[in-house]
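Below, chain A partners chain B and then partners chain C, in two separate complexes.
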Partner chain A sequence: MSLDYVKFANGFEKFMPKEYRDMVEHGPFGKKVSVSQMGSFKEILEEHPMCAGCAMTLFIRLAMIAVPNPEDTIMVGTAGCGRLAISQAAIPFVYGNYGDQNGVASGLSRGLRLRFGDKPKDVVVMAGDGGTADIGFQQVLHSWFRKERFTTIMLDNEVYGNTGGQESGMTTRGAVLKMAPLGKKFEKMDMLQMAKVAGCAYVATVVPNNPRRVESVIKKAVLIAREVGSTYIQAYTSCNIEYAIPTDKVMEDAKTVENDRYQFSEYVSDEAKQYLAERYGYKEFLPKPAAPAGAIPNKA
Partner chain B sequence: MSETEVKANPQSEPSTSVAAPKVESRRDPHADAKKQRIVTPEYMFQEAPRTKEFITGSEAAKEAIRRSNVDLAIAYPITPQSETMQLVGVLYGEGYVKEYYRGEEEVGVMAAIAGGSRAGVRCFTATAGPGTLRGLEGIASWPGHRLPAVAMFTCRVVNAPLAIQPDNIEVAYLLNCGMIVFHAENQQDMFDFLMAGFIISEKNDVTLPVGVCCDGFFVTHARGYVRMQDRAIKLPPRDAWRGAVPVLDAENPPARLSRDAPVQKSNFMAYNIHAVWQQEVWAAVERSRKYINQYMGGMLTAENVDDAEAVIIASGSAAAQSREAVRICKEKGIKIGLIKIRSLRPFPTEELRKLCGKAKLIVVPEFNYVGWLAKEVATAIYGYSHAKIIGGPRVYGGQSMPVELIVDEVESGLTGKKSTNVPMSSILGGAVNQDDVAHFMRSI
Partner chain C sequence: MYLVADINVEICAAKSCKLCTQYCPEANTILYSEEMGKDKGFKYGSAYVAVDRCKGCAQCVWVCDNMAKNNAIKMIMIDQLPKAALTDNITYGEKSTTAVLVSPTV
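For the complex of A and B:
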C-alpha cells in the first residue's frame, strides 16, 4: 500500500520532474539494494546543503541505503547539522522541537502500531551528539528503559556543529572548543554503556569509512527494533569544519579515531540474536558453540 | 492451600473482613469497552439521553475520555491533575483507551503526544501549572505542526515559591500558542468541553490542538452534578486518512514542513513563508468558531444581560462565584447580568460587543494576579461600549473568592464609591468623561 505514494497517478508521469521519475523508476523503494550497488540506483538522499567533505553526510547517505524498508520508514530528528541532510531525503522526516526526538518517536511508533498492527513501520531516530546525549538525554534514556521499539542513531561529531562549534557531552576531555575555553573538563559520555544498562537489545559503534559495516549494523538495529526493543547505534561522523580536518583527510581521521576511541563494537542481546536468526536468517546468531562475539556478517 | 489455612487467615474470614470480590477470571476485562457503539457527534452532543451523577471533575474527565474513542493517553503526575490521568489509566485497563503509559516528565510527554498525533491516532494528556510551563515548548509547537490532540490543564500556581494551590495564571501563557483554549467552570463543562474538543480539533478546516482548562481543586477535587450520555456509546474514531494535513505513516506523501529549507533561511521568502504559516494557524483558530457554536452551544453564555446596567464577565471558577454574586445583587435591586466565557481562543469578540453595548459597568473577577481576562475583554469591546470596566477583584496563590468581593465591586462601581479591593490602575474608564473623549477625537 505504502508503495503507491511514491508512484505516479495515471497519466501524470510525463509531467513529473526528472528527479521524481528517476526516484520512482530507479529508486530503492520496494527493492533490495545494497551499498555495494551505489551508483547503479537512485539514492534516497542525493542533493543536500552540507559542507564539502562532511563525513556525517556520507554516513546518512549510507544509512538511507541500509534501512530495510525505506518505503515504510519514518525518520525523526532534532536541531543539528544532520537534519539539513535528512530533511532532503525522499522518506518522511519529523523535525520537531529541541531534543524531543525520542519522545516524538515513542508516540509515533506506538501510534503506528495501533493503526497498522504487525505491518512494519520502522521509526528511526537520527540526531546529533548534543541532541542525543545533552538536550535529549532524558527522553533518550527513558525511551530505552521503556523498551520503545525504534532505533536511535547518534551522529557523533563530538561538537555542536550547527551552532558553530561548542563543547558537547560527547566531546573528548581536554578539547578546546567554544564554551570550553580551557578545554573540556570531563570525559566523553559513555552512552554505549548507558544504552546497555538501560536495556537496549542492540548497541553498536561504527565509523563511516566502512560502508558495508554501516549497512550491516543499521539493518540489524532496525529489524530488532521492530519487535524486540530499543536499539542504539553510535556513529563517529567528524566535523571537518570545527575540528579543522582537511577535506581530503576526513576518511583518514575517521580511521585514526576508529583506532583510538571508536573501535567497532556490537552488543546483541540473546533475545535479539534468536530473533534475527529465526526471523531473518542471520546464521551467525544461530545457537552454536564458539560463535565469535561481534562477528561481522558476510552478507549485507 | 488447604481449608484450615484459609480459615487461619483473618483476611479471608467473612466475619472479620469485607468479602472478597468475586473473581470472574474468565470475563474479558475489555468486554464492556468492546461493546461500545459508535454514534455521530451530533447524536452524542445533542440528542443522546443523559443521566445525572454527582462526581468530581477528575471523574468527569475520565467519563469524557471513556466516550471519546481515545487511542493514546500519556500520563505524568502533578497535583492537582494526577487523579485525572490515573483514572484514564483505569480506562486503559478496561480497554476504553487503546494505549497508555506514564511518561518521563512533561517535555517528553508533550513530544510523545506530538508523535502520536503525527501517527494519526487520537491523543490525550493532562497536566497542571509547572507541568504546563515545562511542556510549553512542545505545546506551543503543536498548532504550527497542525497536530490535533486534546490537553487538559487543571490550573495551579506556577510562580515561586512553589505551591500547589489553585490559580489560573498559566492560561495567560496558553492564550498565545495558536491552540484552541476552553475554560471549564465546573464538572459538567469539563465533561462536555473535553468531548467536543476532540471533534473540533480534528475538523479538517481546524486541525489544531484543543486545551481544556479548569481551576484546579475547585473543579478537579470537588463534586458536582454531571449529566452524561450512556457509557455504551462513543464518538467516531479519528479518521487520519481524511485529514487535511497528511499524517506521517508512510502511506501518504509526507507534509514537507522542514523539507522546504527556505523556512530556515534568513531572507524575504523565509520570513514570508513563516508569516503565512502563522496567519494560517490563527485563521484556523477563527474557523473553529462555527464548530464551537455547533457542538458546545456557543462561545459564551449570557444570563439577564439585555436590561442590565451592570454585567459580570467571568470564566472558570470565577463564573461560579459570580453567579452567586449576581443573586445577591438582585436581592439588593441591582439590574445585573452574567456573561460566562467558555472559549478563550477563539475569543467571543463579536458576541461581547453586542452584549455589552448598553452596560454601564463591567466587572471582571479573576483567579490570577495579572488579569488576563480583563485585558481580553477591554480589548474586545473598546469602542463598542461606554461601560466602566473594573479589572477585578482578583485572588491568587490559592485564595478563594468570597462573593462579597464581587458584590462590593458592583456596588462601588455603580455608585462611584472608591473600590477597596481593586487598584485604580485596574479600572478602565472610571475617571474619563466619554463625551470629552469623543469631542477631543472629533477635533483633532
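For the complex of A and C:
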C-alpha cells in the first residue's frame, strides 16, 4: 500500500476513464484536503446506487474526505445500505459477512502492524446500526474490550433500511415501521455508554448537518486509533425511505433529531488527549498553563 | 423528463457561500468554479451542477433557502435547461474547476 496503487501502469493512461484520470491527477491522495475545499477537487467517492437525498451518503462522502491518509486506509463494512457507497470509492474495501466486520478489522489491523511496523495504516469500520448493535454486537464489544486499535463508525439510520424496514436495537421506542407495525417496545440501545464502559479512547456522536464537525470528529478518531485504542463514532444518518422524509427535508429532520436525541457529545480519554496534543498539536488538549505565582484570581 | 438542480450564477457569485457543495449527498456533483462569475463582473466564482450526476433530491435547494438564505437554487426539468455542465466537460485545476456548458439533452 502506497501512493503507487492509484497510479496508472505505464501505457494505460489513455485507456482509463476520465473520472479515474481526474482522481489520480486531482484527487486528495498525498495532500491534505478539507470540507471547505469541496467542489474544487476530485473526490475519492464515485457515483453509487444509493437513494437520492440519503443522509448516509452525505456522511460517507464527508468521511472519505476526512480520513487523514486515504492512501493508507482500509475500510471494512458489512451488509447494509452503506456498503453500496463505501465500495464505490478509491479506498480498499473489505466486505465482511454480516456482523463480523469488527472481527475482520481486528485481524487486519494487527496484520498491518506486523507488516508495516510503525508506519501508520488506518483501518476504519463503517457499518449500519444492524451490523454494529444487533448482529455484530458481540464482535464489536469484544474488539473494544480487547482495545483493538481501529475506528468503528456506526451509520445509525434507526432501522433495517435495506430489507424493508424492520426495527433494530437502535430504533427509538414506539417507532412504527413497515415491518414493525406494532411499534417498538424497548428503548434505543445506549451504545455510547457501552463504548465508554468497554474502554474506547474516543467516543462521539455526530449528525451530518455540520460537515466541519464530521470532519474533525473522524480525523480525531482515526488518529487516536493509530496508537491509543479503539474509537467509536455514532452518526445519525436518517433513512428517508423508511421514515418517509421528503428528500429536500432531510437536513431539517437531521436538525430536529440533533436537538431531540443526537446532541453532539465527545468523550476523549486522558491518554488520548495527551497523545493528540503531543503528537498532532491539538491545542484544545494541551495542558493549561498554571497561573503564575502571586496572580490574583478573578472574582466572579 | 426529470428534475435537476440549477444554480443562478448571478446570486451565487455575489455570495459565494459554498454551502451547497458541502451538503450535496453525491460526490463531485455540485462543483465550484472561480471563473464562472468573473465574466459577469462578480468578485467571486459560482457553484454549478454536473447535471448528469444530479439525482434531483433538492437538498441543496433547502440548504440554499434556509441555511444560506440566498434562494439561488431551483429545480428545473432537464429539457428546460439550455446549457448545463456535464462530467465529461469539467476540467479540474489547482484550486478550482472549469466547465464548458453544453446542451444536456441531445
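Operating definition for what follows: the second predicted complex is superposed on the first by the 285 of 300 C-alpha atoms of A that agree within 3 Å, B and C clash if a C-alpha of one lies under 4 Å from a C-alpha of the other, contacts with A are read in each partner's own complex, and residues count from 1 in each chain.
FYI, contacts are C-beta pairs under 8 Å (C-beta built on N, C-alpha and C of every residue); 3 or more make two chains touch, one makes a residue touch a chain.
The shown structure was predicted, so the numbers you read here are calculated from the model rather than taken from an experiment.
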| item | value |
| --- | --- |
| When chain B and chain C are modelled together on chain A, clash or fit | fit |
| Touched partner set for A:V94, first chain B, second chain C, both or neither | first |
| Touched partner set for A:V104, first chain B, second chain C, both or neither | first |
| Arrangement angle, chain B at one end, chain C at the other, chain A at the vertex (C-alpha, nearest 10°) | 130 |
| Partner chain in contact with A:I153 - chain B first, chain C second, else both or neither | neither |
| Partner chain in contact with A:V35 - chain B first, chain C second, else both or neither | second |
| First (chain B), second (chain C), both or neither touched by A:V125 | neither |
| Shortest CA-CA distance in Å separating chain B from chain C in the superposed model | 17 |
| Chain A to chain C touching residues, read off their complex | 18-19, 22, 25-26, 35-47, 50, 52-55, 57-58, 61-62, 64, 209, 211, 247-252 |
| Chain B to chain A touching residues, read off their complex | 71-72, 74, 98-99, 101, 103-105, 107-121, 123, 137-138, 141, 145, 240, 248-254, 257-259, 261 |
| Chain A-touching residues of chain C, taken from the complex the two chains share | 18, 21-28, 30-32, 47, 53, 55-59, 61-63, 66-67, 87-88, 92-93, 95-97 |
| Complex interface listing, chain A residues touching chain B | 1-2, 5, 49, 71-74, 76, 83-84, 87-88, 91-116, 121, 138-139, 142, 146 |
